[in-house]
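Which chain is which? They are A, B, C and D, in the order written, and residues in each are numbered from 1.
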Amino acid sequence: MPIRATVWGENVHEKENEFVAQNYPEGMHGQIAALLNEDSGISASTVTLQDPEHGMTVEKLDQTDVLLWWGHAAHNDVDDAIVDRIAERVWQGMGLIVLHSGHHSKIFRKLMGTPANLHWREAGERERLWVVNPGHPIAKGLPPYFELEFEEMYGEPFSVPEPLETVFVSWFQGGEIFRSGLTYRRGAGNIFYFRPGHETYPTYHDKTVGKVLRNAVHWAFNADRHELLMSAPNRGVEKALEKIEERGAKLANHPK
Amino acid sequence: MPIRATVWGENVHEKENEFVAQNYPEGMHGQIAALLNEDSGISASTVTLQDPEHGMTVEKLDQTDVLLWWGHAAHNDVDDAIVDRIAERVWQGMGLIVLHSGHHSKIFRKLMGTPANLHWREAGERERLWVVNPGHPIAKGLPPYFELEFEEMYGEPFSVPEPLETVFVSWFQGGEIFRSGLTYRRGAGNIFYFRPGHETYPTYHDKTVGKVLRNAVHWAFNADRHELLMSAPNRGVEKALEKIEERGAKLANHPK
Amino acid sequence: MPIRATVWGENVHEKENEFVAQNYPEGMHGQIAALLNEDSGISASTVTLQDPEHGMTVEKLDQTDVLLWWGHAAHNDVDDAIVDRIAERVWQGMGLIVLHSGHHSKIFRKLMGTPANLHWREAGERERLWVVNPGHPIAKGLPPYFELEFEEMYGEPFSVPEPLETVFVSWFQGGEIFRSGLTYRRGAGNIFYFRPGHETYPTYHDKTVGKVLRNAVHWAFNADRHELLMSAPNRGVEKALEKIEERGAKLANHPK
Amino acid sequence: MPIRATVWGENVHEKENEFVAQNYPEGMHGQIAALLNEDSGISASTVTLQDPEHGMTVEKLDQTDVLLWWGHAAHNDVDDAIVDRIAERVWQGMGLIVLHSGHHSKIFRKLMGTPANLHWREAGERERLWVVNPGHPIAKGLPPYFELEFEEMYGEPFSVPEPLETVFVSWFQGGEIFRSGLTYRRGAGNIFYFRPGHETYPTYHDKTVGKVLRNAVHWAFNADRHELLMSAPNRGVEKALEKIEERGAKLANHPK
């Protein structure tokens, strides 16, 4: 059975900005899903902010192995309760791939525990992504570097936790660098942040970007869900694995 | 100038449970501060949940280099706005040491991005903490292991992110293990989680525990505050470090 | 095509110690290979120290995707040139799984850059391995813990580098703990250290141990080989990706 | 007492190349030591390859808290026995700072367990080092970035293990990036790799470079030496911390 990827699109600039609309007539989410569907091992569908429950219903999450998230203009329009629902799925094992301006999304900030700030410039400059970790599954089959002739610049410091591994680092024409591919695990869920993807440029029409996204879906996939991680049970003395005797003072009602 | 440590105490069980009151007549926070003040390089004071703004006023945080946090029964009574205020200080460089049941505090969960669950047993069993990273500053001067004859058991999996470094791992009499000393950085702030400290046992009267806490304060201390990390500024093409020319389509109003 | 796993066995105690011979009539390597071959996605073969070039010929390494290494009594009998040959394969992408007393093998020490010391006791005590990272692929399908009734004890500090991730931590009956499952990448090669496996006990007859080893083979597998990582080429100014002009003083002959 | 830093200089190009000789009339090691001695908390001395035992006598190592290493042309002239001696000191707690072309030194490769390769270009191009981890002690007091107008380029992939933390990432005029400041711990010893420092350019006359090196010495300093990490002792059943009884088959002579 193919990996079920769900692409979440904010779908705002596609409607309000003619450049974006021309660039992505099927929506950015539509084009990202198309890139994923080039791989027969992935079955990608899309939802958007405007859908009921932002498309992140319990039913849809039940059918999602890996979630991809692109947002920019409307992060604050995403309901906190939906964000919490998604976070719980990640902790239980759903993969999450956060794209570009999604660094400021509620779900990414919540899972990182940091503001995820950076500095930026929208000038259509050249970005060159270097593979610093060629053995990582997300880099599989990639050349030593690849270029995006037009991209928005993101500059360091990127206030995110030290990653498990750094996969890509970007060079920008204007003089900045950026850690553009970072991996994390939160609970049982694999998380990948991938920097490129400004809406006015043709980034999601790039073949190498497509390959990265497909690799990332395979890497982030985890078939299991770990509900165990969602509770903090008491294992009383009678359940101790080695025989012990209770002793010492106790709280009457342990408030966990 | 000594490092200014502030010990935050929940101060609930000290008032409601006679064992705890006898164990810590000055409050747990009072005893923890006493342990820290054995070091002339540390100046420790205390605040509690019941203080105005839970003691975490802007003024107090301005005077805090490292915050220690002990809470258990009343995590949900801490205002979210205060939690956000503390998190911002950590991101800018304030140190944070989270103790025992503080694993479920709002501030720890927020900074970890995970539920920080575990399983537990209150049976006064023996805990033996092994130093797995003897070169770490927090382990400075410690023996290869130390024992707490009476402690609450915490068992894995502890759903927190992979730490920067694991310093201690605990052995429990009843058959469990636990990663008991874990380091993180979030933004510019150093964070240490230290497991022992159940309120009905004499943990904070233990000399080795005192040494660990003092070491941790020194490790977590960072004199600087990085306000830069709190914003995401535009650095326009005119400020580019290398001369570039703007090109390509732009969003009219970049909504960052 | 199944993953080609090669099990390297020292094959000394099997011949010299009657307990070991009875325990593993096909050799420890033979039994480990049998565990792996329960998975149709793995094709495991064996070599031993006594084979020409210790079985680690260029031809055999060409046919090896993941190497498993068990040694104990004869680490120093392994030729340095063969160790170097294996290390180069790991750096290029071959997986490596180091078992039990293999912590002191030349290949493991070389790849870790540390002495990989620990303390130990051979008393047939109970070991309980806790899964501290249930979302890791090596823990796939495992229960929260599993027990080996008879094992040698290894105690911390285990002088190895902080791993990418800690997967297992062991509890020992005699009072110690040990980080029993650790992951690393060196160059493009995935490395997993797995603690259990003392030769006089029936560890490699345990079903859960078999599952861990099979999971580890799948995790460590990398089809690609990265020869790029084996050289340090000059990319002269004429090959610069951005046009630059040579300037400043030069060394006449750059001795790289 | 100030931290005792020893600067190890290869001292070959200073004698053979007139540019280098003019650039560093006191030798590169002399200038690096001068940068360190600007800090009254550091007392820096120098040794060179040409000294007896390459200056790395037992006595000198006894008097060294942090070792800095610059080499390029003569890595292979360093005796393996001396390299082993230095590695043992690092494992026990001596700090090590490896500079520029020292990435290919025997001591660095040995401690990394990887070839530490990269690609390079000697064209006097502009390097801009970005601080990606502003809260790290090595970045203390630094601006968001600093520039070296003339430097050799080093390009990724840099085949070293994923670091504990990445502190600096470099931008190069010719289109490459490089992870220029990386931290590790091996045994109890702190290790920092810092990229800049080509001998024909005035890098070690730069004030910010001096500040980085002084910060790094303070960060790497560990007053303690952990000889415990150098052995693998048997702790027999009679020394078990919890009472256990020996059982099961034993090896007659445990060959550790």
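One rule holds in what follows: contacts are C-beta pairs under 8 Å (C-beta built on N, C-alpha and C of every residue); 3 or more make two chains touch, one makes a residue touch a chain.
Since the model is a prediction, treat every value here as computed from it, not as a measurement.
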Shared touching partners of chain A and chain D are B, C
Note: chains that touch chain A and chain B both are C, D
Note: of the two pairs C-D and B-C, more contacts are counted for C-D
Expressed in whole Å, how far the mean CA point of chain B lies from that of chain D is 31
The distance between the C-alpha centres of chain C and chain D, rounded to whole Å, is 27
So, in whole Å, the Cα centroid of chain B is separated from that of chain C by 36
Among chain C residues, those touching two or more other chains are 128, 133-134, 144, 155, 157, 162, 164-165, 173, 175-176, 185, 187, 228-229, 241-242
Within the complex, chain A is touched by chain C residues 93, 128, 133-137, 140-141, 144-145, 164-165, 173, 185, 187-190, 222, 224, 226, 228-229, 241-242
Counting only contacts in the complex, chain A reaches chain B at residues 13, 17, 19-20, 23, 72-73, 87, 91, 101, 104, 110-115, 117-125, 150, 153, 155, 157, 159, 161-162, 164, 173-176, 184-187, 199-201, 228-237, 239-242, 244-252, 254-256
In the complex, chain B touches chain C at residues 128, 130-134, 144, 155-158, 162, 164-166, 169-172, 175-177, 179
